[in-house]
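I've put the structures underneath this note.
Each of the next two complexes has chain A plus one other chain: chain B in the first, chain C in the second.
After this line comes the complex of A and B, so read on.
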């Protein structure tokens, strides 16, 4: 802000003080009311917590077939946002490197072979993690939007819990060498 | 003066609201993670194209007693080891084939893969697979990091070497076990 403007405001306030002091000297005379607008903004909250299923494992992969991770990932998403500024809360799952969603023994399983399903969200059928980012969250070709929760005054401070089912689709995929394949799926919420 | 003061306060309020709007647009949570692990188990299989080999007529004092060939497919998917071995063996070497109380021992049963020479089933076990004096190592294939996933197909020929032997007429039946082992 320009220094000159500061100087002008300070000068006006000083004049006001002088006027008030002068008014106090005359009994019964009121000074002009001053208006001070107060604005306090609470911090917005957006969180994702994996309640259970943070470690998923398939003990014995079968080539050329669907391989289902046996238990769902239970995810709680909570938020406290202003409905005037936030229309939607999105939950996105993504792999940082889509070509290497799971790796092991020199072999890479891409994210196109990892399918997710959220019966209470958007991908109600198993869908490959090949989507683009949502509102800047995720990776190109390695993401899956799990839900888009509209925000209004009634749910500006709320949460939801969803189950994410995961599977590996190895149909048509070259036979995997014996060994362990591992990777990390990232879950992140973002507002729009 | 009052107008100027109110204008200043209003400007301050707008500045705060604008700041809040910037904070909420594209607000992101901290990432949560799910660890995924999928394991492909080691495998080792032997698959004969046919479960039966037949010799229509036995010729005594001869090696011209060759059963019909059987194609064997051996497949492996390993994480360790230096060789895949295929062993053929008879559970009871003295009674490899039996015709009632008449027996042909495993020492008179010979096998080979492909163009190899016939050899009797009278060796010891390999890697714990087989029985003493009733086994034959059919192949030993070296494997390593680049060949831990592989397979091979072989033709197994089996014959009776009845040189110096006369058999009692009848049907002789027996079971040859085929088993692979990694060493």
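After this line comes the complex of A and C, so read on.
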């Protein structure tokens, strides 16, 4: 998939070709030479790895209470980007369908009931997953921006590892019938 | 003279603020969330009312029968008992108290559980007796 950086390189190359042809057709009318700098930028590398906690379980839900997923999701995010093209690396968590973060037995638990915390990121306190997308990644009302890592020359190729803690807040929520409730939380990194 | 104009266009494109451009994204990763609500059945005797409140939360995928059983620890002469109200409970009571010795048991109700009522509750009057007896209530599923 061509990136914005690729598009700019192609555009510059096209401009250079047009300039060359035009100069050839104007023999005898050469003006001052103009220098075009063609800079080829390699594709950015951006990856997310779940080191542990890809399956989060609460074995015994309690109605009307805060239910804690016992172990964190350990996430490693790596990147190799150009500081001239990338200012920030974001990590976003989101539910594809916010109204149905978890479902089971005909009951839907919305994303507003799922709280996330990343002590080394942006939501240092438990925050509902009700945010808007970040840089086009996520769903409206079902997202949580986990971190925004500024990029400079010193960390253009780097990585970081963070813990994501999750809770399910059933305070004030109608009592659930016995059974299993499940859902999928999506993680994705995006640059700006 | 088209070249300077084209170059200007290129420069304008390059000058677009980075913050307005969404860059490349990583592949997505999925976290599976699973939360389980275990089956639960509870019985409470409401103080001063002689009423048993039974509540249940069971998996609607597993239809079953829920019964509330009263167990009297001491011998109960059948003639000593009467029910606060008639109806099916009176018939059940009479049928299960033929013996006048040993602990007496009484099925107060049997409630079918299905997807329509996997989560529910009900209140039932307890049988009354002029004799003070110790009563245990147990809700059982089958």
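Keep in mind that, in the parts below, the second predicted complex is superposed on the first by the 152 of 192 C-alpha atoms of A that agree within 3 Å, B and C clash if a C-alpha of one lies under 4 Å from a C-alpha of the other, contacts with A are read in each partner's own complex, and residues count from 1 in each chain.
As a convention for this text, contacts are C-beta pairs under 8 Å (C-beta built on N, C-alpha and C of every residue); 3 or more make two chains touch, one makes a residue touch a chain.
Note that the structure is a prediction, hence the values are computed from the model and not measured.
Chemist: Report clash or fit for the pair chain B and chain C bound to chain A in the combined superposed model.
Modeler: After superposition on chain A, which the two structures share, chain B runs into chain C.
Chemist: In the superposed arrangement, does A:191 touch chain B (first), chain C (second), both or neither?
Modeler: It touches chain B and chain C both.
Chemist: For A:48 in the superposed arrangement: first (chain B), second (chain C), both or neither?
Modeler: A:48: touches chain B and chain C.
Chemist: In the overlay, answer first, second, both or neither for which of chain B and chain C A:125 touches.
Modeler: Neither partner.
Chemist: Between chain B (first) and chain C (second), which, if any, makes contact with A:30: first, second, both or neither?
Modeler: After superposition on chain A, A:30 lies in contact with neither partner.
Chemist: Per the contact definition in the header, classify A:82: touching chain B only (first), chain C only (second), both, or neither.
Modeler: After superposition on chain A, A:82 lies in contact with chain B alone.
Chemist: Using the superposition on chain A as set up above, list the residues of chain A that contact both chain B and chain C.
Modeler: On chain A, the overlap between the chain B and chain C contacts is residues 12, 15, 34, 36, 43-44, 46-50, 53-61, 63, 67, 69, 73, 75, 77, 81, 85-86, 101-102, 105, 114, 135-137, 166, 168, 175-192.
Chemist: Of all residues in chain A, which touch chain C in the complex?
Modeler: Residue positions touching the partner: 1, 3-4, 8, 11-12, 15, 18-19, 22, 34, 36, 43-44, 46-50, 53-61, 63, 67, 69, 73, 75, 77, 81, 85-87, 93, 101-102, 105-106, 114, 135-137, 166, 168, 175-192.
Chemist: Once bound in the complex, which stretches of chain C touch chain A?
Modeler: 2-3, 6-7, 10, 13-14, 18-19, 21-40, 57-61, 115, 118-119
Chemist: Of all residues in chain B, which touch chain A in the complex?
Modeler: Going by the criterion above, the answer is residues 1-2, 4-6, 8-10, 12-13, 16-17, 19-21, 23-43, 77-79, 148-149.
Chemist: Using the touch definition from the top, list the residues of chain A that touch chain B in their complex.
Modeler: 9, 12-13, 15-16, 32, 34-37, 39, 41, 43-44, 46-50, 53-61, 63, 67, 69, 73, 75, 77, 81-82, 85-86, 101-102, 105, 109, 114, 135-137, 164, 166, 168, 175-192
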